[in-house]
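Just passing along the structure, written as structure tokens.
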Amino acid sequence: MEVSDEVAIQITDMNKWYGTFHVLRDIDLTVYRGERIVICGPSGSGKSTLIRCINRLEEHQQGSIVVDGNELNSDLKNVDKVRSEVGMVFQHFNLFPHLTILENCTLAPIWVRKVPRKEAVDRAMHFLEKVKIPDQANKYPGQLSGGQQQRVAIARSLCMMPRIMLFDEPTSALDPEMIKEVLDTMIELAEEGMTMLCVTHEMGFAQAVANRVIFMADGQIVEQNEPKEFFNNPKSERTQQFLSQIIGH
Amino acid sequence: MEDLSYVRTDMLPERDPPASEVGVIGWLRMNLFSGWFNSILTVIALAFIYLVLAAIIPWLWSPTWGAGSLSACREIIAELGKEHGGACYGVITERWQQLLFGFYPEELRWRPILTFIGLFVALAPVLFNETFPGKMLWFTGAFLFLAPWLMWGGPIWTPLLVAAGPALGFVAYRYLVSVIGNLASVIVAVLIPVLFWLFLVGPLSQAIDGVVPLGIEVVESRLFGGFMLSVWIGVVAIAISLVLGVILALGRQSDLLIVKYLSVGFIEFIRGVPLITLLFVASTLLNIFMPPGTNFDIILRVMIMATLFASAYIAEVIRGGLAALPRGQYEAADALGLDYWKAQRLIILPQALKISIPGIVSTFIGLFKDTTLVSIIGLLDPIGLTGSIRADANWNGIVWELYGFIALLFFISCFSMSRYSMWLEKKLRTDHR
Amino acid sequence: MLIYDSRYRSATIQIVALIGFLLLIGWLVSNTVQNLADLGKSVGFGFLTEPAGYDINQRLLDYDSRDSHARASLMGLLNTLLVAVLGCIMATIVGVIVGVLRLSNNWLVARIMTVYVEMFRNVPVLLWIVFSMAILIETLPAPSAFRGDEPSASMLLGDSVALTNRGVYVPEPLFGRMDEEGHPLTWRQGLGDIHLFGEAWFRFDVSLELVVFLSTLIAGILVSRLIGQRADRIQNSTGVRPKTFWLRAAVIVVPSVIVLWLMGFYLGKPALRGFNFDGGTHLRNSFIALWLALSLYTAAFIAEIVRGGILAISKGQTEAAAALGIRPRRIMSLVILPQAMRVIIPPLISQYLNLTKNSSLAIAVGYMDLTGTLMGITLNQTGRELEAVMMTMLIYLAISLAISGAMNVYNNRVKLKER
Amino acid sequence: ATLDDVQARGSLKCGSNSGLTGFAAPDANGHWEGFDVAVCRAVAAAVLGDPEAVEFVPTTPKTRFTALASGEVDILVRNTTWTLTRDVDLKFTFTGVNYYDGQGFIVPKALGVSSAKELDGATVCIQTGTTTELNLADFFRTNNISYEPVPIETNAEAQQQYLAGACDTYTTDASGLAATRASFENPADHAILPEIISKEPLGPLVRHGDDEWADIVRWTLNALVAAEEFGITSTNIEELASGTDNPEINRILGTEGTMGEMLGLEADWAMKAIAAGGNYGEIFEKNIGESTPIGLARGLNAQWKDGGLQYAPPFR
Amino acid sequence: MEVSDEVAIQITDMNKWYGTFHVLRDIDLTVYRGERIVICGPSGSGKSTLIRCINRLEEHQQGSIVVDGNELNSDLKNVDKVRSEVGMVFQHFNLFPHLTILENCTLAPIWVRKVPRKEAVDRAMHFLEKVKIPDQANKYPGQLSGGQQQRVAIARSLCMMPRIMLFDEPTSALDPEMIKEVLDTMIELAEEGMTMLCVTHEMGFAQAVANRVIFMADGQIVEQNEPKEFFNNPKSERTQQFLSQIIGH
């Protein structure tokens, strides 16, 4: 797990409003290739919004976001490029219920990347094996457990061969028994050197794989540090308060 | 206070309820006589049923199937000595074919019959998508072009050429998209088939037919009539309005203000006026709106207006389906890099349409019933035919038998469709996918 | 390319759409102009002021064949509104009853109602309309059957109602009884009418008796509401609600009756004179057939809406209320209905909309509504297809928009507050 | 032009009554017959050479004009009264009169009415969209008596309501009344009142603006009338067609002159038209004449020589 | 928390069938005033049905139920009397969504008890204070959290001044954080000496406040005892089995 010097994401002075509500304030963040960043913070602090700005599910209004050298601006071509470099996994999986697991995984490669079907299927099976559910390939999402669905969602993203993965609370909609299987998958991914940004409150996970933890509150990055320091020695009061709650929970 | 502790040593077996609770008596007590008020209601209801049946059944029982005219019926009934008269079924025996097919040439009636059988085969994979293989959808697609040909006849080349239109458009899109960009090529891809249909299909098909004559006899729409006409107008209008409805629904959901308001305006306008006024437009104005010299026949014009009418309602149904999809589906599609149209085609619409099927079926039932309105502008649907049958001196004055027969036809078809849609709705609710 | 820039993309698409739309409109208009020119016709609304020349049997305001087409259309519009309003009322009453009975725990009654609903829902409304008309014409006696020494038919309710195959004759309210020579029989006299808008096509008369009676009635209702409010206050302060039903009824009824008596109110009974019944109010076949068919058809849909609305309120609500000791009738009025209303009203109003639109099927039975006059005879006698059809559509559209506008206002008012 | 359309199509679309015995009604085999129908067949014979090459489009009084104006039919022969408004404002061209008629009333004899003036307070069945509807209003207005109109779409419905007693009397063109009465079970129980309250010249009409087509229709009708005048009948027409001494007959039958060419038709156009159903008199007798159940006398529709109004302009 | 000798509810040989299904079999149960009884048992054992019979939301077919001296039979007057003595709280709160919290609480007192509005409002505010949400009085149920709603439901019952309270799994539809606030309210109520019958699986609650635990299975009362004995020393096999499951959970 090494971090290179190459910049994967460069966010500069970024601001975003919902209507008049200032959700993200002066965000500055540089992510290097191979980094595994965990973002945490109280509810409503703008974590999801930040991560969604990175692949332009939301538009920012000020500042710049450069992903893999492509600036996210009004040019839709850039947006397309970024989206095909960046995979995203949602809290509620968002699998396509009318398609089988395999079809879920091959859809985007075939239609966006124009990969021949045969190859797309091979690739999908490869990643389904990696998340340990190749045998479910022909079932529909509704027939799978939450944990399995989330792993399919990860595999689906991986099939696009992204260089960066975004996770938005990937385990928070899961029953406790299933959290582990998903986290295991994510840890494996991290070990292979994938650049990852992950919003999560699983502090065990953060300590195990993150090389940096970012704490957000009120739309701002309040503190960031390597995990050990962050947990054992939080600097800001907000962070301390937050951590005490999380752990008391 | 005594000691509270208690332990049961042997479990009680299940016992039968008291006799008054179950069986016929229990059922009667529960459902018909559960109180004095209910008992009175039951008695009134029984009396009502008796009165209705006593009035109708003797009239219905009437062996007049062979009579050739109303007066012949009257004679038969008089002979039987029935006091309150009886039904005259002779008119049904004589005219049922006309009520079903209108004036469609007798020797060609296998064609509409085949079309309707084909319709069921084509719909099966859509309506019962679990029991029938998805491959049958190919037939459904082909049927779209075959059905009109079967009904109207003409050279086989016409449906083939019509089917070639979209293909041409697609090819054009493929080639042009890199040259003139997406939007422009989409416009071209839409325009090409339309222009092709309008200006080339006719002459081309004639030309090919001149070389390789292959076709079936042409049947003029003027000869369409009866129940077949109702079904045909309904089916054609719904089929086409599905496409228009999807476009309108997407338009109404769109962020583009002008597109949105155009869609809203169209939908609200159509839904705000009675169908009969639209049919009047079809019968009196549509030719005025078209380029001078255009003159398509009244049935086509009615179909156009019925399609516009249905598409506004279908659009609302599909909008409901779109709204029922969770936002996450759109976001996941976006995050995977699918563009708007691909996301719609691959992710959103397949799901939205599936949720909408019950609504679409209801719309179809409504439209199907409303096709009877065409009798007002002089088409010979079943109701229109009653007029012309009664103009026949033999059947002058016959009413109930004809209306009853037509009502029965409509009831059977609408009732079974509405049952289907209820079944589907229930299934969609329990389908936890 | 503009289309690849999110700032211009939407504008570009919209402009293309707008251009397409304008082209379409332009194309239609130019075709129309061209075609009309070829036919040698011009567009204009002058025909509306020409004498209509035809008679209308059912007219709510005074009208004769010398009045203009505009006034004839107004008669049609009023007839449309009349049958629509009465239809909605009747459909609601029947629909609510049927919907509630469908939920009855009496199996037989519930089944009968199911049969009713399915029967009406699954057969075209046009068929019901012509069917009702046929029933009226074929099964009821002609006025001549009432004639002679041994008539084969007789009037109902003490010779005040006649059911004939030309319609139903019922007593009409009249004021100031006269004797044969036209002298008032008593000191009590009718008050006459006031005429509004002189000779304009939208002129109308207001009966002063009606004005006086309505004012009395409204005053009575207001007083009755005051009494109700006082009862509320008493209930609020003592907990016991005084019984005011009879008092409230009396406040409404008694003054109205006195006013009616003062104005010489009496019922003009229909009587057979000449070819037809004379006097009384004549409810024509065409009206009754249309009204019944539309209301029974729509009632079948309303019944389903009502049933659905009541079923949508979970059993838990009833149980919670029952557990609080509230009686079944109050549970209905305090808990179930207020909630069911929110579910019921929007689809109910769209049924009203449907009924209003379906009333245009009047022409199938010769009821002179808007389609029968403006889009029917006027169109036919003047040959103004474009103007007549467009005007008819716009009028219906205006009615529809008014109804659905009212619905939106209602929806916004009753929306349940949620987190 | 209409002529080209008709010839290209190979058939004539003729707007007809949706069912009026003797004037236009399909028989048991669906073959249209009648006095108005015969005009259509004559035109079809003249234009296409085949009297059977006609598609009949049944119309109601209300739908007939839109059918013609919108091009759904090429010609309307549907006991339609020639009025100024229809000719000028509705933009149609009347091409002659095939039946001079007037509006009458029919009542059940049991009603005991012998004059229309006695109909005060009566309920009157009336077809909407007709001249008779307007005449009716005027008649009762000028006589200052009241009535209750029952508007109705087709003759069949009117008949039904009238027979059920839903209206006391039914009013329309007297010829229509006679035809309707003929189809009653007991025609003798009904009387047509003596008053004729209007002039109703009934004739074929076409759209404004195609004078060539109007000429063809007009002169086909004239040929039928002239044929009667000159004694050309369906039985002797073959014989006369081989040439006669009477130049006018020769011109009509196309053995002399170029009248067919002038009209854009074959030379023997009129011959075929007459051969289709006979001359005017024959058509009249066969469909509505005194030997039929309808039993109409020639009256105004006699040849001018016999004191009637049927007067064909010269074929010259 | 003392239990008097006065009988509050007397159930004798009571049987109930749903159709032919025998849900309650030979139930004998005497509840003394001031008792706090917890009923537990596997799903489908008839706990809810039993409790619902006590205020006649369900009819029994054999045996007798006497509540506060009123026998529950087809006499509707008795039913009314019983219902105004007995409060009930449901699993899904069943608040009236079209009325404000305050109106929910005053509705029954005004219409059933004929309490003057002013007094009803005062009383409602009193009980809302007791369940600690007086400030929400003018909101609608939909605007409250589950725990708050359940507390309103309790307050609503209390406003009728019942002498007996029935609870049917009052916490099972709530998120874990909210369970405590509801249980606290119930404990407070118990401490004031309210007679309570409570179907619940919250064993902590049972041990804390119940003076008797009843275990039901197959429509029968299988075992009853005071909580300590019940939990530490279950006699019947069914009970042992059930308890082991609950605790393993």
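Labels A, B, C, D and E are assigned to the chains in the order they are written; within every chain, residues are numbered from 1.
FYI, a contact is a pair of C-beta atoms (placed from the backbone, for glycine too) under 8 Å apart; a residue touches a chain by one contact, two chains touch by 3 or more.
Nothing here was measured: the structure is a model prediction, and the numbers come from that model.
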| item | value |
| --- | --- |
| Contacts common to chain A and chain E (chain labels) | B, C |
| Contact pairs, highest-scoring chain pair | B-C |
| Most central chain, Cα average position | B |
| Centroid-based (C-alpha) most distant chain relative to chain B | E |
| Longest centre-to-centre distance from chain A, chain (CA-based) | D |
| Centroid spacing, where centroids are CA-atom means, of chain A and chain B in whole angstrom | 47 |
| Chain centre separation (chain D, chain E; CA means) in Å | 89 |
| Rounded Å distance between chain C and chain E, as computed from the means of their C-alpha atoms | 51 |
| Mean-CA-position distance for chain D and chain A (Å) | 85 |
| For chain A, residues that touch 2 or more chains besides their own | none |
| For chain C, residues that touch 2 or more chains besides their own | 3, 38, 138, 363, 385 |
| Multi-partner residues of chain B (each touching 2 or more other chains) | 284, 287-288 |
| In contact (per the touch rule at the top): chain pairs | A-B, A-C, B-C, B-D, B-E, C-D, C-E |
| Contact set on chain D toward chain C in their complex | 61-62, 65-66, 69, 85-86, 89-91, 110-111, 119-123, 128-129, 133-134, 136-138, 141, 147-153, 160-161, 164-168, 207-209 |
| For the chain E and chain C complex, residues of the former touching the latter | 55, 57, 80, 83-84, 86-88, 90, 92, 94-98, 107-108, 110-120, 139-140, 142-144, 153, 156-157, 160 |
| Interfacial residue positions of chain E with respect to chain B in the complex | 3, 5, 15, 17, 19-22, 25-26, 32, 61-62, 211-212, 217-226, 229, 235-236 |
| Chain B-facing residues of chain C, complex | 1, 3, 10, 12-18, 21, 28, 31-32, 34-36, 38, 104-109, 112, 118-119, 121-127, 130-131, 134, 138, 357-358, 360-361, 363-364, 371, 375, 379, 385-386, 389, 392-393, 396-397, 400-401, 404 |
| Contact set on chain C toward chain D in their complex | 38-41, 53-57, 64-66, 137-138, 142-144, 165-166, 273-276, 278, 285-286, 363, 366, 368, 372, 376-377, 380-383, 385 |
